[in-house]
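Structure, as structure tokens:
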């Protein structure tokens, strides 16, 4: 489980906050390690590798903030491209591959649709997303899946986009999203959503290994 | 305090639910009466008049659901027009005045901006809205303010639009709002928002009468 | 017919451009006078009065830009409030009445729905709008209708919001509207839309005077 | 150049219309073949293969309608998944690979960013898109790029999403996109956009072969 440090002028990143909150918790017999990773094209790969080597996780869910979404988005695919910025190092990428000889894309290996269904059943709006963008979120997801694939690790991984917290949304310019505040979700519900995703992934892993 | 009965095929109306929840509660020394009113151009006027006669409220806040909003909307103005439908009686109005010799509009008399500020301060996204539409929400607000004006009652009134509950949003077609679920807010937070609006209105009333 | 001068940092205002283009044209026997008015709470009233006194129009349609609309919006009502800014004089209004003893609102007297229908029939997306906001557009519409009402002039008036031109939209930040460019409409089509509105208003005036 | 037949209850598909309009035209020395392909997961692959075998094109641009976009979208990537429906055969796919042993994704080989820049320069709003969805548009793009890759053809290919025509938008439910009509673009401008894309692709091909 990872979340990001705050991006640029933002003081708070709910993805990092949720990773911190869940760090050390035990969910359905799964011990959760929550780490904060840098918003940096250059440094994120090593941060991911280090975390995986240390924790040796069975399930990896990276989290990222998406500022204009009304729901939890579970990403289906990561593509081999970096295009955007500047990141927190001030670096802007323009149509560069993440891994120069890597495949064009990796599909998430966590049970994307089962997670979405479970979230909705618990009253938390959620969708499958077909693009994690071309900035750090996609980059993190690609690096993670590529690391697992090339090291032939026995782990599943994926990425989830979360909205602003409700409190953050209340502090944003009040007409900045279609004449309204941007959408937000209480942090406790975002946290619960990630717990559910971990549970569903753990059940999937168990059922698969039978 | 009023909310609406469910509209058409919806099984649940959060505006009615909040009115029921708050019915009988005492907030800052204010006793709250919560009533459910019909989604009916024809019957809503009498329902409002009957409630006012029975309860003799000092503060009237009518609530209504707005399906695509990310925040609480405090309405500034009600206009003398009915245009839309069908309502729950099957009636569709086309450019009819609500009160044939009534003024073109009434401004809300609750402290609209103070309510919005207080909500934001509590981490609940909120805006002032300049249109309550031309359906039952606007009609209810107009009738209420017209009744107070013509009967020269010593009461303040206004209208607040609330979003879907988070649970409702999770049950809606998942791509129905810009490829996402529609925005939603937990019912407990909507309830808290209305409590805040009542408190702020009560304080305003007290400060005004000093 | 009026449009606005460019607002703040914008170099171009399509509402002013259309007013200039139509200035001097004769449409269905109606001679069109197009004037540019200032984006100024303080100065707009006199600009309107002067134009009306000089031209003595039978039909007044004020135009304004609305940056995030996909269609032509024909306004139904102007409310007696100024709230927003800064305008081009640097003035920000906060909940001030436009006319201190004026009525709460005026309804447009041009045939709003007939114009919308005619536009759609010609393949131009259009809707009736129930709020012209609380900035200069609403202010202009209110002043115009108030002037006609208090001077008992034999003229009809209304306000139409137009989108960015397609060219303007192409120059805006490409992710500034829901991850896309803001909506735009070719200037020639906006111009045609206003011609249609003038025609429909003229026909309405003739039919009314029979 | 291909466009789709109308989808389900729609009577008109601007992507097919543009393909028909451009069929036979000569742009910058490039002879354009425009073909209509079926909205069918099962049949689209053979339609694409047949067209390529017959025409032996150097540049393939497939077009598709996206109902809620304000601009031309040039797709960056096609992913190996079918998820959605029903298509015009009544078939709904659920998380099926397009090609069972195919790569996870293909990147477009037309000059995506150059096309976007050229469109904007001509006053036509355009963006790079990172997802062509999981329905027929993505499927068509994937099949085309897979066919070129596996047959080792000397051709470049890509996919462009176009909005509704302005006329179509005017006929849609007038409150169906955020309380407004959906965005639309005049068909002549869509046609011009595709001409520009062909020109830019041809220049790119020439410069590359030097």
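Order as written gives the chain letters A, B, C and D; numbering starts at 1 within each chain.
The definition used in the following text is that a contact is a pair of C-beta atoms (placed from the backbone, for glycine too) under 8 Å apart; a residue touches a chain by one contact, two chains touch by 3 or more.
Quick caveat: nothing in here was measured; it's all calculated off a predicted structure.
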- Task: Could you tell me which chain lies farthest from chain A when each chain's centre is the average position of its Cα atoms?
- Result: C
- Message: Comparing the two chain pairs, does C-D have more C-beta contacts than B-D, or is it the other way round?
- Response: C-D
- Intercentroid distance (Cα basis), chain C paired with chain B, Å: 30
- For chain C and chain D, let me know how many angstrom lie between their CA-based centres, rounded off. 38
- Could you put a whole-Å number on the gap between the CA centroids of chain B and chain D? 46
- Interface hub residues of chain C, defined as touching at least two other chains: 178-179
- chain B to chain C touching residues, read off their complex: 76-77, 79-81, 83, 95, 103-107, 113, 128, 130-131, 133-134, 178
- List of chain B residues in touch with chain D within their complex: 68, 178-179
- The residues of chain B that touch chain A in their complex are 69-71, 119-120, 122-127, 166-167, 169-172, 174-175, 177, 179-186, 189
